[in-house]
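Presented below are the structures under discussion, each in the form of structure tokens.
In the two complexes that follow, subunit A is the common piece, with subunit B as its partner first and subunit C second.
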Partner chain A sequence: MNVLENERVTAFVQRSREMKYVWIGFLFFLLIITILLSDFIGSVRIPIQSLLEIYGSQIPFLSHFVPHGYTLAQEQIIVQLREPEILGGVVIGASLGIGGAAIQSIFRNPISEPYIIGLSSGASLGAVASIVLGFTIFGIYTQQITAFVFGLSVVFIVYFFALKGGKIHPTYLLLTGVAVSFFVSAIVALLLFTNINLQGEVFFWLLGSLENINWTVLYPVAIVVLITSYAIYLQHRELDAIQMGDMHARSVGVNVERTKRITIFMVALGVSASVSISGLIGFVGLVMPHLSRMLLGGSNRHVIPASGILGAIFLICADDIARGIVPGVVIPIGIVTGIIGVPFLMYFMRKLTGGRYEG
Partner chain B sequence: MNSRLKIVIAVVVALAVVLGSVIIYHEDVAGKVKGEIITINTGDNLPLKLTRIVSLDPAATATLYALGAYKYLVGGNSYDSYPPNENIPNVTDYPSMDLEQIYNLSADAVISFDNYSGAQISQLLNNGIDYVFLSSDAGVNFSVIERQNTLLGELTGTVANATVMNQWMNVSLSALHLDALSYDQSEYNGTPLRGFYYLSSFGGYWTAGNDTFVNSYFQYADLINIAAPYDNGFYSINPENIVNDSPQVLILDSYINVSSLNSSGSPFASSPALMNGKIYTTTADENMFSEPNFRDIFAIQWIIYMVYGQNPALPNFPINLTYNPNPNGVS
Partner chain C sequence: MKVEIENVTFQVPSFQLGPLGFSVEEGTITAIIGKNGSGKSTTLKLIHGDLKPNTGTVRIDRTKVSSLSSLKLAEKTSFVWQEIFSPMSFSVRDVMNVSGYKRGTDENRMEGALDKVGLAPFIDRDFSVLSGGERRLVTLAAAIYQDSEIMIMDEPTNFLDIDNQILIYNLMKGLREEGKTIIMTMHDLDAVHNLADSVLILRDGKKIAWGDTDSTLTLENLNKAFNVSFHTYNTVNGSSFVGSYNG
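For the complex of A and B:
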């Protein structure tokens, strides 16, 4: 390769990297637009002027200069109901998307997602146990806290069962996750069997919803997700190497076991916290990393943030549909993510993969 | 520290600050007097008179109307059937209550019989809205219904009407029971018939067991509820128990398909109720049978009329109402 060719390649790589940042910037812009538009959707119509005034009144120092032509009810609807729900969608969608990207890199398996390590079954057990057995130890947040603790606990159990000679083999971890999930799901079924009257309540938790998210629960979860997402992002180079195989990763100086341990812990922490306030929301952690790779290639430097942003956009849109189909009625979001998500994925797989998944 | 890392840290800090300021703001918005959870056990610490009530409980809507407090209702629900021609907006209550509609109606209280999530109730309370919980599950008998009437009377300043309503209920229950005993004596030599109340066929044979207001219907009508010995509350009974206890009277919810009773494998197929045609479907106003309130008196009157073929007399309802609370026309 001569000097000219070398410069061309360098320029191409540089341009390609810049384009990827432009893409991420565009996705972020799309996220902001989605958030703003979603604030209009609900069973009560709120005029745009009132909405803008309410926004203005929330900005420190600016609030004194903004007219207050809105009613208290409108302010409560926007500030107490829609904003935490939409921002909850951002936080949960981002944590599922980022968690999915990281888990798929570790397992080198395109059909893995954060729930595969026992997180969903553990969180279900916690939530169902608190509902069926009537735990009230943490007041009205008992269900969220037990879901979080059980989700995290089951991941630890899976991890330690899968640990062999101080090492984690992806296939072994995957199979252990599936096996323990089945076991825990059987306990969930047993609990439900003992009190069939509570199946309705549990049903809605298992299908997920952003409806019950308020500021009190969102604040700690948002901080956990922010920190864990950043920690996962910091591992992007190591995860890129692990994607190529453990041996390759070791050959380029990556501490494979440490990276896996940190990543799994961070994913478990972030996704458990998210799931604890929303219930189980499927599809996001599985599909958004794929969509990110289709748009931005395979490097986790771009895939991780893009998966987070796409997960957030997707979940907010799904929530808008869940809230908007029948005015006043919120359909469980898991139903919407499945119904709109699958055709969406099939379309993008055909249009954008360019044969990357073939052969 | 490289420049990219600095940018990432700056973004994280900025997001945390934005989130923090929004949260501080929200606490300011919500920083008013918190609402209360009110039940019949709340005692003397009741709030001032409620004047903007959302009722997600059809039983409470009917009671408030009868008490003369309907003018304080700003929202009802789609299951309300009494009073007819309701002129207030319906608030969505399933699978959860629609808080947007409730806030928009500037409600000062929400009445419900349902166990909504703690997060939703917490949202109401934080926004200064009281949550009045009127149970309809196990443990609710006529004594509890009367206490619920009194509570609604106290909350709406109509306690005098609640008192006369409760007196009317007590007198009516005594009269109905005496009449039922007398009819049973003349028709069946005083041996109570075995009855079964088939509430729903969704996923089993749902019925009312012991310690329910529906079980009280049986007691006042001098019938034996075959479901009472097996469980408390509303539950799905094992069909073997139905076959074993062979009910002589079947009371069906209007959603039950009568032809299904005779189908192969039905536990009712060989029951005396089916053989003798003692099957009665509650058609006039489903809520009168399935909701715990003063109109249950008319439900008992209807059951006695259907089972014994005789019409027990009731004292006149003591409050003058535009709409007749008894849609069965059994007077």
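For the complex of A and C:
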């Protein structure tokens, strides 16, 4: 990148950062458009007229005035299949994006993400163990509930192992998270190794999918994600301060350990709930906060909501590709986020950072 | 606001500090000097309550520092750290906002604080692309913006060129006139001599001397603290200065 181009990119980044709320509004508008367009994508083609009528029929009071020119099958496909899957993408993408922004702030580390504190390995163990050992304790939702409980439990184990003298040191927490994750992943590998015939079902969970999300599992997860995301947003000033160093944060008045405790707990709760219904979806929690910072600057006041919206948009688009790229076949979404997402990230890194990561 | 350090000791396996006892008066500048590793930064962290002493107490405004909440402590003290982190994509404004955590954002005061260090036009610049010296000036402006009665500074003129060092010295004098209490570590003995009202000299964690600058900053104490020979040199115009290197 030559000097002139560098200056042009820097000027663009500067201008975009001055219009923070316009950007967030635009991203939100883009999210709504993405949701509506994604309802068109699928093996059955549904005309726009029918789609709009189905939307109208779901709005209280308005439903009486909307013509019902669609078939029952079309309504079933939109309301029972596509809507929970797309809104599941919104909820899961948002929780991963917001969780990523919060965790990167606590660790002051741009390559950390929610999974680094043991969430993914714990949830994997829960899901795989429930399949392999045939748990039925919570009926048809046993897999989701065990994934949630194990994900949360492993984060608590990591947290308490990393606690020294009542304080959490970011590097120690990071190393403990990586070590415990390796240990738990080894148990998952052992379960897979000894039960080869179950690999197909398990792999789909490990690579992530929005396909099996229905309203019954989406409602409670959406409520958990909404509450935890708001709780994380309320910590945005404290998280900004922690990025300047724990001691600096304390010297400006932040209760550092309480902030870390609340944030880790909220991220663990929100992301465990999300991955319990989607399986593991990588990349979103790592990259969306960076994209938000490139567009809006580093303050978590803007990074947290923007990461949530971008995470949602990205995951819906990835799901559209996963459903649409090979007719009749749904590819695990984790494969799509990796293959499409990484080149996308590399492009933005080169274009928007203006060489800041090069020095 | 008075700062009282009473019989404080601090011990880790490889280092022992103290016992230290001294009292810093309101509206004064106190300098802590000594070799690298003599315990200067540790003393500042003990005063600020970041480290817990093994024995003794630190009191700020007659309250034990260990019993102060983070918010109360931030109201009474600000800290200019030696190490400067560069948060991801933060602008100068974002860094300043962090120091306004307690009192909330006040654009005029923020610009005023930056103006004191000559960086008001930098308010929307990316903090990570500033030079080391500019970042140091921003952190000093942030401490001024925090507007606490006591300012603790760990080598505040690190990374600064000579004209910015002088800017900071004059800024400190101005803050003292406003009634602020400054406790700092510093290596530049000329500046310490000209600025500080009182000096604490440390060596290997032990107090060599404490008292007003003129009676403490003596050749004998300096020779003891730094293990090199200090001399008084006379310049051609008749003034004298203390130095340790004569080529």
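The working rule: the second predicted complex is superposed on the first by the 340 of 359 C-alpha atoms of A that agree within 3 Å, B and C clash if a C-alpha of one lies under 4 Å from a C-alpha of the other, contacts with A are read in each partner's own complex, and residues count from 1 in each chain.
Going forward, contacts are C-beta pairs under 8 Å (C-beta built on N, C-alpha and C of every residue); 3 or more make two chains touch, one makes a residue touch a chain.
No experiment lies behind these values; they were computed from the predicted model shown.
Asker: A:294 contacts which: subunit B (first), subunit C (second), both, neither?
Answerer: After superposing on A, A:294 lies in contact with subunit C but is clear of subunit B.
Asker: Regarding the shared-chain residue A:329, is it in contact with subunit B (first), subunit C (second), both, or neither?
Answerer: In the superposition, A:329 touches subunit B alone.
Asker: After the superposition on A, what does A:237 contact: first (subunit B), second (subunit C), both or neither?
Answerer: second
Asker: Touching A:338, do we find subunit B (first), subunit C (second), both, or neither?
Answerer: neither
Asker: Among the partners subunit B and subunit C, which is in contact with a greater number of residues of subunit A?
Answerer: Higher number of touched subunit A residues: B.
Asker: Figure out whether A:60 sits in contact with subunit B (first) or subunit C (second), or with both, or with neither.
Answerer: first
Asker: Considering each complex separately, which residues of subunit A are in contact with subunit B in the first and with subunit C in the second?
Answerer: No residue of subunit A touches both subunit B and subunit C.
Asker: Help me check something: in the complex, which residues belonging to subunit A touch subunit C?
Answerer: Interface residues on subunit A, with respect to subunit C: 14, 17-18, 104, 108, 110, 237-238, 240-241, 243-245, 247-256, 290, 293-294, 297-299, 356.
Asker: Sort out for me which residues of subunit B touch subunit A in the complex.
Answerer: Going by the criterion above, the answer is residues 8, 12, 15-16, 19, 21-23, 25-27, 29-30, 91-92, 94-96, 98-101, 103-106, 115, 117-123, 126-127, 203, 234-236.
Asker: What residues on subunit C touch subunit A, complex-wise?
Answerer: 45, 48, 50, 69-71, 73-75, 77-79, 81, 83, 85, 87-91, 94-95, 97-99, 101-102, 124, 126, 128-129, 146
Asker: Mind pulling up the subunit A residues that touch subunit B in the complex?
Answerer: Of all residues in subunit A, those touching subunit B are 42-44, 58-60, 71-77, 79-84, 87, 139-143, 196-197, 200-201, 204, 211-217, 219, 222-223, 226, 230, 233, 327-330, 332.
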